[in-house]
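Two complexes, one shared chain (chain A), two partners (chain B, chain C).
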Partner chain A sequence: MTKPDFSPDHHHINSLIVALLLGAIPHFIYQPFWVGLMFVVMISWRLLHSYRGWPLPAASRWLKVLHNGGAALTIVLIFTQFGLTIGRDSGAALLTIMLAFKVVEIRSLRDYYVSCFLGFFLVITNFFYSESLMMVVLMFAVIILLTSCLVSVNSSHDVQGIKQRLRLALKMVFQAMPVMLFLFLLFPRIPGPIWGLPKDANSAVTTTMTEQITLGEIPSGTGTSGISDSIQMGKISQLILSDETAFRVQFENDTIPPSSQLYWRGPVLWHTDGTVWSPLAPKHVNKQSPQITHSGSQFSYSMTLEPHNKRWLFALDFPTQKPTSFPSYLSSDGRLNSQSKIKNRSQYALSSSTDYRFNAEGDNNLWAALQLPKDKHPQTLALAEKWQQETNNKRDYIDRVLRFFNTQNFVYSLTPPQLSGDIVDMFLFDSREGFCEHYAASFTVLMRAADIPARIVTGYQGGDLNPVDNVLTVRQRDAHAWTEVWLKDQGWIRIDPTSAVSSQRVEQGISGLLPNERNSPRILSQSDALTQLWQHMENNWDAFNNSWDIWVVGYGPQIQKQVLSKLGMNNPDWKKMTIWLASLLLLSGLVMVLASLYRRRDSDPAVALYQTFCRKMAKFGLTKHDYEGPHDFALRAQYALPDYQLQIHQITTLYSHIRYRHEQPLLLEELAQKVKAFRPQK
Partner chain B sequence: MPQTQLSAILASINDIILGKNHPIKLALTCLLAKGHLLIEDLPGVGKTTLAHTLASALGLSFQRIQFTSDMLPADIIGVSVYERDSNRFNFHPGPIFTQLILADEVNRASPRTQSALLEAMEEQQVTVEGETYNLSSPFFVVATQNPMNQIGTFPLPESQLDRFLMRIELGYPDAKAERALLLGEDRRSLLQKLEAVISADQLEALQQAAAQVHVSTALVDYVQRILTHTRDSGHYHTGLSPRAGLGLIHAARAWALIENRDHVLPEDIQAVLPSIVAHRLQRRDDDNAKDWVEQLIHQVPIP
Partner chain C sequence: MIPTRYGYGYAGLLLLMLLGAINYDNSLGHLLCFLLASLGHVAMHHSHRNLRDLDISITAIEPTFCLQHARFMLNVINQDDRDSFHISIAHQHKQDLPRWQFIKAFNPLHTIEHISANNNHSCSITIPALTRGWQPINKLRLSSNYPLGIFFSWTVYSQQAQVLVYPQAKGTRSLPMHQGLGKQAQYRPKTGDEEFAGLRRYRKGEPLHRIAWKAMARDDVMRSKHFASPEGDELWLSWQDVSDIIDLESKLSQLCQWLLQAETGGYLYGLDIPGTRIEPDSGKTHQHHCLKSLALYHD
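Presenting the complex of A and B:
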């Protein structure tokens, strides 16, 4: 359709630049700054050419050298920045910059096509970094813009309006939607990647997790709330509350335990050197499974865990059994472990009961629950000695300790003073200001000093329930640590010393301790109705994001099976899916063809007949233009085919009488005969 | 017979104005569609003669007003004068009380005077000192204007341009026609000899006949496509008004009548389209302004 001498003008280039810029903007954030810089410089060169008449590289040899040199410099920069690894970052950076270089040298239609299609690749690279809803919306916009660029260089009238072009592109993208949906739903999902992933494929995940693991290790004295496999008291003087989601829980039948029972069990810490607490070696805890007897009602729920690059899983204290459909096992200390590191968003179903007895018959690891560092915490040990003499039994002793936390002026604080020296002594007798870790650790020391086996359990407490979809979202800021003590005939009992200090922390969750401004913009908190509205919108948005994460981003083999079974496919396997996919694609192709045929065959039978006539004329190189009236065309045709003047005249007159004068069935029959009889020969 | 009358009218006008068949046909179309006509061209190409010839051939009373910058509305509409004999004010009607008025060089007058004329065009009546006077029927305004780039002109605003059904250009005659003009008799004396081909009543009958010409739904589809295109394509500052759409159909009917047809074809629409839309649409980019109406026709497929 395009004229052979066609070359893209600056209108075409400008719309392409807008599309590519929009597609490249996320990379300005993900990539080193010079990637964005190079991109903008190259794009500006092209724009300066369009608006200021600056020369393009093709204009002189020096500019060509500059352009090629820039490309070479890019490759050098990519090697120095990313090394020799060919991975996600270096690949995306290379594509982004080289695309801009290509835009500068667009001259022919072919160059334009290449840039457009590379633009579609650019869209894909963005999803290596984020699969959020916002990204999808942005990339859809880019796809529509790129399609409109392709429309603009292919439309028969080169003076088409931008609105029409966008509308056509939008229409085309929407027509492609069913095919996209079929592919999404039915393309067989394979657990794990098909190809070997580049080394940096999970780098985004690991960086966020290292921040959380350093809970007890950051030398500057700040930490992000979250879970690590060890805790260190006193080093953290400011706990940063992270709003990042740790996991989401959907309870079945919408029966949700009270907030004070929402203890999400994670790693269990046994060993201490006075400051650092760490878990027991796997050989001790993996030998046997815990002995649990449940009573009371059970809660069934499914967990959607965000990747944290560790093996541990979380469960409502205490699960009745390990998840059936997820490769995992329970340690004897009640920790739920995955067989492999959690590198992707994972889902598993569990049921728990909050009323249970745990290893009441005895525990092989009680020795480790009594371990205390030698010659440490003298003041604490002396206090324990004193209370032991004052109390008759272990139960009384525990109550005495809890009363101590409750009645002495201990303060729950997210910004406790930094401690040095003997940290437990310092905390109990001096600073008396801290968060869950401080209380759990010092309580455990006090227990062990009185020969009561005790250990620290880390995990999360509480969560935000979204009333829209009844999904409980547990965030990193809900991270918590509590204590379990072992009493004869009763087994491990959960005791949360933090609740003795600040019962709010446990009953209302961490948000109860925070000023309201954290949850909604300050301006809104002045008006209740607005706050409510804001909360309502936030809840809906969360619910929507949640389903997006689970059903779209997390659409893996498991959910695929689930969805397909719901859609009525029994035992979906990859063969069935492929057959279904192929037949549905074929069907949608067929629908498209039929639809376009139907559109061509206008509802007016006279038009259809006249089009047959026009097709016969087209064989002689006489194409009727869209805008040409029938009589104008007839004049042209009669001039070109003088032998058929009469027939052409008759057909045209009949057609225009039917269409523009009065509709007469008799004329229609006549037209049909005339068109059928019309067989021009050269 | 409408057809014989119409060809006779065209023939007698073509005798006086040579080599301008198409613009003359358009001008007649405009009057048959009961529309006002704007002729825009350089001085001396026969604008005034065309208007005068139209009036004579159609048997209409004719008045001419030469617009100047110091003209007042009263100069067009008329004025009430105190008469001592009768001891009261008497209205002396202005030149506008005629059947065909030639407003020569309408863009030389001040906007105030222009709007007095244009209001009369719209209302078919004038009001002077609380008294309303109906204008004669039929009533046509043929306005001429010089191209905008000449000094001392007040261009008509868009809203008032919309009141003219058509704008036509005459252009220079071709060599053969010009030769005939130079060798032939004086146009003015020819004009005085010209006899009316039809009467004003017959003209009204012709207008009736034009309004009867059939417009099919397929054709309305085509007109709507054109209107939508001007509004949505982004090439024009504002799209065509519904009034322009109506005008397009009225004019196409009249054109079909002149072509001796009882129904309108897309070709009729295309024939009258340039004279109807050219003064109503403003292109956003006028780098190739010459044939843009042609382009507009090419961009809208006939359904």
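Presenting the complex of A and C:
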């Protein structure tokens, strides 16, 4: 047991502070500024004590009051900032600051251990914010530092300096790797959560698609997560500003449909009041499944969806069936839904064919696809009336409308002017500047005005194919809205009015429309070669991140089964995993023990040579007993092998001279030769 | 090897982390938790190895008086090719404790911070002398929390070595001047008026002031001056002198104290107790001889 009067000195405290500071860096970024400020202030207090001899809180009553007051203030600040519930953010903020307060008042060994252990906890809170490779590198750095801190209080500073301690910590962490990997692979993963998660557990979701489209208002930039569905404004244009990944797609056999076919179907919008478009109530769309007839080739792919805290899933228009291994269902309007909200990165396998007929026999909800708000869009309705008279059938009418978009001076713009009043009329007859949702909405109104059932489909279009790993990354900026019209005997047909205005948007994807700076840093955008190099590096990095996200970050119950099946485990379940794990752990323990024994044996070259000699003797049934000295053994051996008396005598004498008289260098060579030449035969 | 209380704290931390990682479905949280678990496992091996190849030997055991401290040299030998760190030496001072309280049975004495590979380290150890006679050194324990303080590992060495414990020197009586086997023992302060009787070869244990330094300068042979004392100068410390003390240990204590006083007083003293009779003499060896027979006395 350690001496009870042991108290950590400033060597110990300073190394601890370095470790904790490193571990807290991410929180300086993710937390409000005052969290970092408090942390730094408290740490500085302790450092000033170490270097300038400033008093610690224990020194006087007033300082103690100051210290405790600071802690109380922190709690008040946390409550005002985050509210009264302890969630992820408030918990992490509390831990960060309290840790710094604890460091100031470290006096005993126990305090020191508590701080180290809280430091370990600090590292895990970082992972609630980011699970990138950098975080793992940081984790290893912090763990090595904290380990060396623990070593420091268990050995003397005079004997083990910082260098030796760090080397030992590095060595220990390195030795811990195999078992860590076994545990990571084989420890049976339990699908969480076990108990309720705080609301902000997944606030990593910052941008996502919404269930509504509201026209005419320019995004104010306040809407962040999908916390509330009711106050969304012009969301798609806001999404276009974001490079965040929405989902990734890996096509099987690398057969990827052309970019113009990459429509990733999401929520379907039916109802409108003139500005806001929203989906149909679940009772209307959940009654039956859609009637789909597929033709043409099918594409199989697996989707890795980033969490968006909503129920809907995305699928290439149109999936042949719902995902088999994922609890989900298809609404009658073709929206794929998960049984529960997507709070974690989720994976599902699908196959789709881009050639299909959708509810050609009829649809119960056609009434909703004809609904228009009363007394709105007068100009638009008049225009529809006019074209209806000019055209013979619905197909012609549709073409007329598309021609209108195509030939009139409509502009595809990501920053359209703000519209007010009757938005659809204003857009069609006045501003004529907008992006997909303006076109989709006004087109749908024009359809409905002509008694053609129409609805808006939101989702994503296109995606970036990474040539390195052939993974298609669909980002938030690929968000899109298009229209489906229902024609008798043909069912729902996809019509993308945006393509009539800007065919580039659909054929090349959104990135073609974005300024160059969005694709590479401004400095590089001047030179094509540099831009290309940048793209190349970015592709590799993306490919790496993609595998990282799927195989490491996404390693949960689902992927674990996949991986273990590939490694040769049939139908992995927790019992088999436990058995595998136990045997591997046992094996690694054995290896560790053997390694330490083996190294010990051959450490002294003379001993190693003598053991070789003993092995040669063992072939004649002559084994040296533990209680037997080399000379006793030699006597016995000489008796048993009289022909080799001289050699046995020489080897034994040389060995004992080297071992016990320290006449090392010259004799060792001689011993080596003698042992080598010793080949007894019967 | 058992976990320390910090080890239990560490385990609790890991459990908490695992629950958190499961609850948040955080894969890297799992990774961290497994890294720390594995690190604990590695620490266990290091802790074991730190002590595995240590051996001890005991030398230079000095006799002591009861209720004082026995001192000896402990040599800790590191037979491994790696350095050992932060080794605590503890002595088992209680033997009747139940097994699970073995930690309490040991009393930490000394910490060796570092024994380099294939090397040894000596230190002086004192243990309490509790009972008169040959006291076994009992068990010595080498232990360490090294490297992380979450595991406590130890090795217990049972020692054959014994330490001789003299009786406690205690008693209120003054030296028995006029008693002792009926012969007169006269107190003669050592003022130098004894008759010089010649030189004898120096025997180990004789007082330094008796060494004949001049004679030694002549021929390098160490001699001690001997003074012929009259018969009456011989002091006998006998069982009868303490016959009125009832308790055996108190008797021995009184005799012990007298022996010490007689030696410092420069007397020639003899000891006469049942079973042992030591002729009067003086010097450290003689004193030890007398004290030893007191120490080993039993009815």
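Some notes on this structure:
Everything below uses one rule, namely that the second predicted complex is superposed on the first by the 480 of 682 C-alpha atoms of A that agree within 3 Å, B and C clash if a C-alpha of one lies under 4 Å from a C-alpha of the other, contacts with A are read in each partner's own complex, and residues count from 1 in each chain.
Simple rule for what comes next: a residue touches a chain if its C-beta (ideal position, glycine included) is under 8 Å from a C-beta of that chain, and two chains touch if they have at least 3 such contacts.
Not measured: the values here are computed from a predicted model.
By the touch criterion defined above, A:381 lies against neither chain B nor chain C after alignment on the C-alpha atoms of chain A. Annotation for chain A, partner touching more residues between chain B and chain C: C. Applying the stated contact rule after C-alpha superposition, one finds that A:609 touches neither chain B nor chain C. Once the two complexes are laid over each other on the shared chain, residue contacts for A:246 go to neither chain B nor chain C. By the touch criterion stated above, A:629 is placed in contact with chain B alone, chain C being left untouched.
Of the two partner chains placed around the shared chain by superposition, chain C is the only one that A:153 touches, whereas chain B remains out of contact.
By the touch criterion defined above, A:552 reaches chain C but does not reach chain B.
Using the contact criterion defined above for the overlaid structures, shared-chain residue A:176 touches chain C, although it does not reach chain B. Shared contact residues on chain A (touching chain B in one structure, chain C in the other): 159-160. Remark: chain A residues 157, 159-164, 604, 625-632, 656-657, 659-662 touch chain B in the complex. Those residues of chain B that touch chain A in the shared complex are 214, 216, 218-219, 232-235, 262-267, 270, 295, 297-302. Chain contact summary for the complex, chain A toward chain C: residues 1-3, 113-114, 117, 120-121, 123-124, 127-128, 131, 135-136, 139-140, 143, 147, 150-151, 153-156, 158-160, 168, 172-173, 175-180, 183-184, 187, 189-195, 197, 201, 343-344, 552-556, 589, 592-593, 596, 599-600, 603.
Only residues 4, 6, 9-10, 13, 16-17, 19-39, 41-43, 45-46, 49, 53, 80-81, 85-86, 88, 103, 108, 111, 113-114, 143-150, 152 of chain C touch chain A when the two sit together in their complex.
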